[in-house]
Each structure stands twice: as C-alpha cells, then as structure tokens.
Amino acid sequence: MRPSQRQPNELRPVRITRRFTKHAEGSVLIECGDTKVVCTASIDEKVPGFLKGQGRGWLTAEYGMLPRSTGTRIDREAARGRQSGRTLEIQRLIGRALRAVVDLPRLGERTIQIDCDVIQADGGTRTASITGAFVALCDAVKCLMTKQMIDTWPIKNHVAAVSVGVYEGVPILDLDYLEDSACDTDMNVVMTGDLKLVEVQGTAEGQPFTRAELNALLDLAQVGIEQLVAIQREVLQKD
Amino acid sequence: MRPSQRQPNELRPVRITRRFTKHAEGSVLIECGDTKVVCTASIDEKVPGFLKGQGRGWLTAEYGMLPRSTGTRIDREAARGRQSGRTLEIQRLIGRALRAVVDLPRLGERTIQIDCDVIQADGGTRTASITGAFVALCDAVKCLMTKQMIDTWPIKNHVAAVSVGVYEGVPILDLDYLEDSACDTDMNVVMTGDLKLVEVQGTAEGQPFTRAELNALLDLAQVGIEQLVAIQREVLQKD
Amino acid sequence: MRPSQRQPNELRPVRITRRFTKHAEGSVLIECGDTKVVCTASIDEKVPGFLKGQGRGWLTAEYGMLPRSTGTRIDREAARGRQSGRTLEIQRLIGRALRAVVDLPRLGERTIQIDCDVIQADGGTRTASITGAFVALCDAVKCLMTKQMIDTWPIKNHVAAVSVGVYEGVPILDLDYLEDSACDTDMNVVMTGDLKLVEVQGTAEGQPFTRAELNALLDLAQVGIEQLVAIQREVLQKD
Amino acid sequence: MRPSQRQPNELRPVRITRRFTKHAEGSVLIECGDTKVVCTASIDEKVPGFLKGQGRGWLTAEYGMLPRSTGTRIDREAARGRQSGRTLEIQRLIGRALRAVVDLPRLGERTIQIDCDVIQADGGTRTASITGAFVALCDAVKCLMTKQMIDTWPIKNHVAAVSVGVYEGVPILDLDYLEDSACDTDMNVVMTGDLKLVEVQGTAEGQPFTRAELNALLDLAQVGIEQLVAIQREVLQKD
Amino acid sequence: MRPSQRQPNELRPVRITRRFTKHAEGSVLIECGDTKVVCTASIDEKVPGFLKGQGRGWLTAEYGMLPRSTGTRIDREAARGRQSGRTLEIQRLIGRALRAVVDLPRLGERTIQIDCDVIQADGGTRTASITGAFVALCDAVKCLMTKQMIDTWPIKNHVAAVSVGVYEGVPILDLDYLEDSACDTDMNVVMTGDLKLVEVQGTAEGQPFTRAELNALLDLAQVGIEQLVAIQREVLQKD
Amino acid sequence: MRPSQRQPNELRPVRITRRFTKHAEGSVLIECGDTKVVCTASIDEKVPGFLKGQGRGWLTAEYGMLPRSTGTRIDREAARGRQSGRTLEIQRLIGRALRAVVDLPRLGERTIQIDCDVIQADGGTRTASITGAFVALCDAVKCLMTKQMIDTWPIKNHVAAVSVGVYEGVPILDLDYLEDSACDTDMNVVMTGDLKLVEVQGTAEGQPFTRAELNALLDLAQVGIEQLVAIQREVLQKD
C-alpha cells in the first residue's frame, strides 16, 4: 500500500491551467496533486553567441523553487548568490527534453526561454515542469504563428515526463514527496507523444536494481506518460 | 483621467487569499488588480547571531520576482548570482514595516521569515507585499499561539502600504505600472491600523514637489490604507 | 537636551573643501561635525547601454565606507565580495538626488560618475554625501564648460540633504551617531535650492509617527537645507 | 564502421595506475584510450553538518578538467568563479555512484573525499572517473584498515561505469569524443560488480529512442562493465 | 634628469599625520609627495581559526584605492565583487612586512587589523602603506599598553619601505607615477630600522637587469629607508 | 645537513617531458624531485581588449593546484568560487616572467595562454612552473612557425626560475617542502639564459636578512638556473 493510498500505476490528479499569468507568451500552471509549478515560455529575439548568424533558434530553461514551496524553508538561491547543483541539473534536463521535440531551424534566429517556478512542492517537480512547460511552449509558438513571425509549426511531437520508483519492492508511478523519500530506486522518464524515450535517469538510492526492475519501471512510466500526453492534447484543443 | 480609468482616490480591487500554499505557517496570495504576490511567513527556531541569548525574536523579509512576472522577462537573480539594489531595498523596507508592529521580545528567541514572491507585476508590488505579508504574519503567529509556543499575542497593530503619485498634476492613489511609469512624483506610504506613519518614501521622478503636494499625497494614502486595513481585518476574521 | 548639546534646530559645523584630491574633475571633502566624506565627480565619455545613441547624458553614484571609519571596524565590502543592501540603497539615493537637478540632455552622451567615500562616520553620511557631491558635480561641469565640451550650464538647481529625527519626543535637526541610534523616527530629506522636495525617506525606528510630527520634521529639514545651500553657494563662488 | 575503428562492443584500452601521486590515501591514474583522469581519495576526520553525531561516514566527490585537457581551451572554473552545471552534475553522479557501494556506518564519523581531475579528455571522462575513483577509494579504505581506524571492510561491491550510444543506427560501447559528438543517443551506465544497475542516464541527443534500443545499449554496457570490473580486480590484487 | 626634477637619491617630501581619524586605535595619514594613504590599525579580540588556543596574536592587512585616487577612475572593487590580483598581492605584502617586526606571542590572542586606503595615488602606494601602517601599528599597540591589555612592548624593530627603479639607465629612488610608468626595472624594498632586508621584490619591466644594477638599487633603497625610519621615529616621539 | 640530504648547491633531479598531453600546442610535464607540474601553452587568436588593433600579441598565465597535490587536501578553488591571493600572485609572476623574454609585437595579434597545474607539490611549484612553461611556450611558438602564422622567432632568450633560502643559517638551493617550511629567508629568482635577473622576490619568513645573505642566495640561484637552462636547451633540441 502506497502512503498516498494510490494504486501502483495511478497518477495523481493533474490540472493544467493555460494563460495563468498575463505577460508571458505562454503561461501555464500545472498541478500534479499538491505539486504546483508555474511554467512560462518567453520569446527573445536573440540567440546565444555560439548560434549567431546560423538562422536557427534555441530553447533554454531555468528552474527555481519559492523558498517556502517546501516543508522546511529552503534558502533563496538569489540571496545565497548561486544556484545549487540540483537546480542546474534540473534546468538542463528541462531544456534538453523540450529541445528534443522542437525543430530549431524553423524557429528562426530567436530563443524561447522556459521558466519553471515551483510554487508548492510535493515530489515530481522536475517532471511536472517538463509536462507543463510543453504546453506553455505550444502557446508561445502559437503566438509566433499568429504574429506571422514563423510560418511552419516547429514542434515535432508532444513531450511529457513522469517519475517512477520502487517502493517497498513494488514499482510505483508518480511518486509524491513521502514516497520519493522512502523509495529505493528513483527514475525520471521523459517520453514523446508516440512513447519514444527522450531521457531516462534512474538512480539506486538504496539497493542497486536489476534490468527486470528497470523494465517494470519503464512500463509504468509509459502508462503515466500516455495519460499526461492525453491531458496536454485536451488542454491545448481549447480555444 | 487616469490610464486605468479609476477615480484619483480609487484603489484597484484587492483580494487576499489565506492558506494559498500548504507548507508555510502563513501563506497568502494578495491580488491588487493585476499585481499578484505570494507572501509566506515561516517560523525558524533560531535568531541571527547578533541577537543570540537575548530572549527576543526577529523578523526578516526577502523579496523576489518570477522572471516573467513582468512585460519583458527580467533576468533570474539566482542565475545572475546577485540580488539587485532594488530587490535589497524592497526587502529591507518590508522587514522594517512589519517589525514596526511586532513586539519582538514576545516572539521568544525565534525568527519569522517573510517571503514575498511576485507572480505577476503591474505596479505596487512592494506595497502589496507589505499588506499581504501582514496577513501571513498573523497566520504564522496564530500557529505559534495554537502550539502554545508563545502565550501573548505579539502583534501590536495592523500595518498596510500603498503607493501614491502625481500623474499629470493630479495626485492619484495606488498606481498601476502604466501610471507609475508616467508619474512625476512617486511615494510609498506604510501606515499602521490607526493611521500613524511607519514609513514614507517619496521621490521626485521628474519635477521636485512641494509640501502641499506631499500633504495631498499623504491624504490619499490614508484613504487607501484605511480600506486595506479593513480588508485585512475582514479576511483575518474568517475561521 | 541633545547628547550633542546642540539646539534642536542647529546644524553641526559644516566645512566644504574643494579640490581635495588632484585627479578628479570635481573633488570635495565635506565635513559635518565628525562626519567626513570625500566626494568626487568623474567624467566618463560613455553612457550605459540603455542610453546609447540618444544624445543624452547620465549620472550615477557609488558609496563606500573605509573599514575603520566607524567605531567598530566594518568588513571591507571588496573583500566580502558584495556590497550590502544599505550601501546599494544609499548610492541609489545619491544618484537619484543629483539627477533630479541635472538637465541630462545638456550633458551630451557622457556619464558623470559620483563617488562618495566616508573617511570618518558620525551619523548623516548619506546626506553629507549628497550635499558634498553637488559641489563636486558643479566643479566637474565647470571643467566640461571650460574645455568647451558642453555649451550650456546643465545644472538646474542646487540640491542638498539633511537628516532629522524625533529624539525623546523632540524633533531635532542633523543627527549625529549617538542621536541617530537613540531616536524614534529618522528621516532623510533632500531638497532643491528653492526648497522643493526631491526625496523624503522617513522611518519609524520605534513608535510610528503622526502627520504632525512629519510636518515638524520637514520644517526643521527646511531650516537646515537653507543653510547648507547657502554654504554650497559661498564655497562655489570662490575662484 | 566506428571512427575509432573499434568493434561496436569493444572498449578502448584501459590502464589503471595505483599510487600515481604520493600524498593522497588513494591515488589512481585511469587511462581509457586518450582519456586520462587522476582520481584521488582523501580521508577527512569530519562529516558535513547534517550528519554530525550520527556515528556514520560520508563520501563526496568533486570533478574538474584542466583548461587544456580539451581540443579547445576551456575557461578555468576557479578563474570564472563558478563551476558549470555540467561539472556539478558530474560530481553529483560520481558521489552517488560510489556511495551506492559503501556501507557508510562502517566508515565511522569521517568523510572520504573523491577528486577526479581530467588531465586529457577524449570522451567518457565521467565514467572513467567512476571506474578509477573506485580503485582510489579501495586504497584509501585499506589505509584506514591498516591504521586500524576501522575494523570491518565497508565496501560492499565493485562499481564501474561506461558510456554507450547509438552511432549511425548502431549501438556502440565506450564512445570517444568524435563518436560522442556524432551519436544520436548517449547513455552513461553505472553498475556494480554483480552487474546490477546503480545509475542509468540516457539522453536522446537527436532522435528519441525506443525501448529496444535502450535494451541493446544496456546489453553493451554490461559487456563493458564486466571487463572494467575485471581490470579493477586485477589491479587491486597487486601488493 | 628625472621627470620629477629630483636628484636620483632624493625622496619626495614625506609627511605623517597621527590621529588622522578618531575611531581607530591607530590612524595615520601618510603623504609621500602626491601619494596619500590613510593607514589604520584596529584591534580585534579574536584570532583566525588556525591560531585559536595558542595564546599568540596575529596581524593582517587589507588595501584599497578610492575609485578616483587615480588619473583615470578605476572600478570600485566592492561593486565588481572581487579584489584584483594586484590588491591581494599588495595586502599580503603589507601584512608580511609588519608581522616581520612584531613578536606575535606578546600580542596575546588578538588580531591587529591594518587597513591602508589610498586617497590619492602618485606611485609608491604600497611602500607608503607599509611605512605609514607601521606608525598606526605603534599607536594601536600603545593603546593596548595603556589599557594594560599587554605588558611588554611587542614591536621588535621599525619597518619601512620604498621603491627604487632604473630610469633611462640611472637608478633612482622613490618613483612617482610618471617615473614608474617609464622605468625598466622596478623594485620594492622593505627594511627594518637597522637596515636589514625584510622583503625585496624586483621586476624587470623592460630589459632584464644585472647583479650590479640590483646592488645599486639596494644601495639607494637603503638611503631612502634610513630617512623614512628617522621620520617615523620623530613622529612617534611626540606625545 | 639539509633534510633532503642534498648539498647546499644541489638541485633536485629535473625531468622535462614534452608533448605530455595531446591537445595543447605546447604541453610539458616538469618534475623537480617530487614536484610535478603540467604546463601547457595554448594559442588564442584574440588579444585582450586593451591591446586590440595594435598588431601586437600578449601572453598570460594561470596557475592551479589539484586539491590533493598536497599533504593535506586543499579546497578546490572552483568550488570555493574564488582564486586565493597566493594563486593570483603566482600566476601574475609566471606571466611577467615569460613576457620578459617574448617579443610581443612579433607574435602578431594573438594571445599565448599558459596554464600551470600542479599534480603533486613538494615545494618550488611556482619556479618549476616558469621553467616548464618556457618549454611549452617554445613548442607553441614552433607550432605558429610551422603553420607560417608568424615568420620570425619571437623568443628573445631562455627564462628559468629557482628558489633559494637560508636554512639553519646556510644558504641552500631549490628548497623542497620541508626545507621551505623550516627556512628563515625564502627567495624566488627568475633569470634569463644569459643569467640576467628578471624577477627577485625575497621574503624574511623569520629573521630579516643582510645584503651579504642576499648575495650568497643570488649566487646559488645563478648556479641552479644555469643548470635549468641547460636542461631546457637539451630537451628542446630533440625533434
């Protein structure tokens, strides 16, 4: 029995709210149970130096947590003067995951800047960030299309992410904070809309794991991502 | 006529939502028109070094803006590695304003940490932060009372804040971003529940101003703060 | 009775020495009692990025304290690797105060850089900085005129500043360190030569203050600034 | 055909030199083809704050590259004043991988500090670091045993790592820099001596990958790690 | 003929003013021609961690330049967020030079903190700092004696410093900025009151130099330091 | 008798290995006894801003120590976020020493970047760095000649360095760590191939030293540098 009372293959309730704030070209609040992340996509008519003059675009991501998004207040990274290794690792993951489904040359020489800010954390903030940021990205790209700044849809596929883990020997889907703290193996899986793998990051927190366990976890992740992509599609259809 | 179509002495609609996030002892979303700030109050059972062993408490505040809370994305301070002068100035102001109404010895040797994070900005974020943080502070203190960690209510008075300014020669209350950008004199006023002054910060952005203008602005601020304190009271009565 | 034995409306002796150091275009030592600040104005033939190509100038200020300008040695900010919030707040104030009296387009596309460095501190360092920096600014601008780099005098008015406060219930002018540490309300006032307000920053350190107290403090400030402007005029007449 | 002319399942020549430098308790040079990493293990008779008084040990890792270990000189991180996201990510990975095989309570209240410094880079520096650091760790622990500072061998298992990837559609083992730059999917695999998984980090650099490809890559990784563990064993048997 | 019109072996006029500022235990203004440095010595009743519990004292030094102490304004190190290599090098030199004449165990477990801040620079700021700081140090130590915090005079000898260089083939003493910029070899010499060497730092800015030139420079330095020590003695005799 | 059993005028065995790593234009491992430093010279087709457009080149140096190059692990400067004063001082010294023998205009508008990284430290790392970096510099310049990027050999002379000191009253050459820790006077001497002085840095660690001692030390240094230059010549002759 999971602490959350959910079935092993059961996602938390997911809610995606588009146009959550008014300034960003794409702005989404994603809620996965008690995990709440604001994902925005901003368009910047420049590319980083290493891409200048190549006529192709770029996408980059930043991630942060409000100091009191967690049970115990965490130090504000702006006040400490540096982002933690965890933060840098997560924002690199979000960037790679979204770039995997964007045809960057079609963006033209501009950058889409993704910001994922955790308002409330209860496990799975990096995977929720990816799933939500994809929707914000779509809205920002629609904005580019509407303004006729680009003429071909540059997003090749959906992308969504979920965590899976082994809790007391049982593979479970979409870990909340309590489950995450207690589980042996913890894996974050990013997949496209047709369920191909974009990123697999599995870590043995306690006992090393077998290939069989890895496969069971990937099966579960696939179940979850299928549902998350369906929710993305549904939400994006409106308006 | 103000860009916002409001009367000179008219506040924007104010909404204060308590228990906005689940982890903080006090957690408030304050909305003043399109300005939205999450204010949390966290209890830390320590005091800064300079207060150790004195049996009295402390209150401190930090402030931040989500990168895309504004019309043009601003750099993430955590990524830049330092907080701007503006940020430091605002968080010092919030801290002073709230400390002015707290009887610190009654808190015992602990710190209340206020965090004000701007989700969406449309002018007046620092004053909204103070007005909202006061409510979060009350909730955190209630929590200390409920847990019997303190036995006397340490908050001596309400505190709230509003901006005023001279727009095209006319003193106006509660400036939104457009009005703020265009006005000559800009003043932030912090007052207690009995309308005494805690802080006055007036700046001539364009033309220097007269004592008469200063007085007209303070009259307006008083009108606004009276209403803000009433809203605080109403919101705090519930539950 | 004030600790300093002065009358409530009595300034400390003020001495302004022009050409205090030889390299800067404007270089002033201002002494207000035991507070001593070196104020220099340097001309830089560039403007910050956000002003490029607009044909107008800029003025910016920096502030620092020698580590042993104070009773207890303070850490050197260069060694700590960051300027404190107080420092940033003060240098922003100095910059705003001086910009308020400069016709920036007349400066041409160049920056005047003000540096205020406290050699010895005894309260009122930020207001002494503003009063002294104005004189340094005039000298730097004279230098521009002499070299025929500009042809119209761009300084619209005098600007000077003073602190006022409520000490044991009595409003007093120009607080020294002891008075400042003990007073309830502390206010810094910046005015032009015709006694219009440029900046008012009042803070209730202890008890909140009334509108009547605010007015009494502003009356006192006006008395002080009138004298400071007279001293500026006298000093600037020479040579 | 691989750029390196190797068979798809062929490791580069691996050489592990123990006692490479004289000061560290464990000091290893690992060479995997042209990739050369100095791995040291140092014993520190302290633990980080969060572990104090618990009677258990800790292991942590840092990673760096000499500025000219690469084809184009990279900035020295010490001079830039911050470690890159990539560096932080790699050193977190090395630390987790080694902790997975150490029985930390048996270490007693002390820290083993791993340092991996890349002298020459040709792909696979992070996996070489893990494989080499394991040997340095064993030497440092032997040193603790010899000095009778601990009495039970605390290392539960071997740990080694290798990279695998899909190059022109073919899964290949142990990518050098050229292969790594050109491959579609890149995966780092960390396994124990009995070939259980400690960490799997797979990224689709170009095309997303299938479960079948993932499995083929893991099969290859297993082949490589089996050989790396054999080399570790052989090297550790001496003396 | 030197640019300064001085004889090759002629010092600039030196003036040392004790009690230049009121807060520091020792406070000296040293003027060597147009070079003006404020040197203070502060007593801190602590020692750095590496000396705790050993019953001996420490002396350390910091150095800074006001931004407009020079012909062209230099960036404020506090604003840039780091001290330059030159600054660190100079403050390490000052610290070593003064420690060479202090019997640290006699100081007791306390630190003397030297601060040298350049108000106006015209070459030789580091050597002026040492010569002036020695006087400030004596005053701070007198203060310890007067308060009976130590009972034996801990200063073993005078220490003073001067620069020498080869200008157009001629060895000259006490270079001002113009001479320093144009000279081939530049050497800073620190000597005790009995003319033993504490520090020699000679650098060939242009042509390498011979042993004969080195000896001629040291002869000159000796001439200068003899006079500087005489001035220190005279100044310290008063009061 | 020296701790190292060497004669007072005896260098440690010196070994210089060219082409130590494969990527750098010049790459040298220098071993002086147990001190081992990797010196690389990299060519960068840019010059720093202050030299742009002058048609002349530049040479700069950086220095680092692997954390466990020493008996006790030292903090990684990249992790601490700043280079120590000692590091900055050493890398400035290395840069000056090599620039003294390079005809910068002949380099053309490009920079040679020297990196000296200490793999194992046993005293004399800064002098070994200079001696080794000279060889790496020659190899990088040969590379420029071979590629016909420059047409005249720009290196005017050899440069090498050695430490000398007074150990128990006896001047000795080339101090190892133990000798360095115990000696009274410590001096680093940099000379050209024709034994002219480029840099002399002598420090009295304990007792101040006399001119006679200085001369004895310089005599010894000359003996050592003569041999070091011979080794450089021999090594550079090959291939």
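Think of it as A, B, C, D, E and F in the order they're written, each chain with its own count starting at 1.
Simple rule for what comes next: a contact is a pair of C-beta atoms (placed from the backbone, for glycine too) under 8 Å apart; a residue touches a chain by one contact, two chains touch by 3 or more.
It should be emphasised that the depicted structure is a prediction, and the values quoted were computed from it without experimental measurement.
In terms of the stated touch criterion, chain B and chain F have no partners in common.
Set against the C-alpha centre of chain C, every other chain centre is closer than that of D. Averaging Cα coordinates per chain places chain D and chain F 33 Å apart.
Computed centre separation for the pair chain A/chain E is 59 angstrom, with centres defined by C-alpha atoms. Each chain gets one centre point, the mean of its Cα atoms, and the points for chain A and chain D are 28 Å apart.
Counting partner chains per residue, chain C has residues 81-82 touching two or more of them. Following neighbours round the ring, chain E first and chain F right after, the list reads E, F, D, A, B, C.
In the complex of the two chains, the chain B residues touching chain C come out as 82, 85-86, 88-89, 91-92, 96, 100, 157, 187, 191-192, 196-204, 207-211, 214, 218. Across the interface of their complex, chain F is touched by residues 21-24, 27, 34, 36, 38, 40, 42, 44, 62, 64, 66-71, 73, 76-79, 81-83, 87, 113, 115, 117, 119-121 of chain D.
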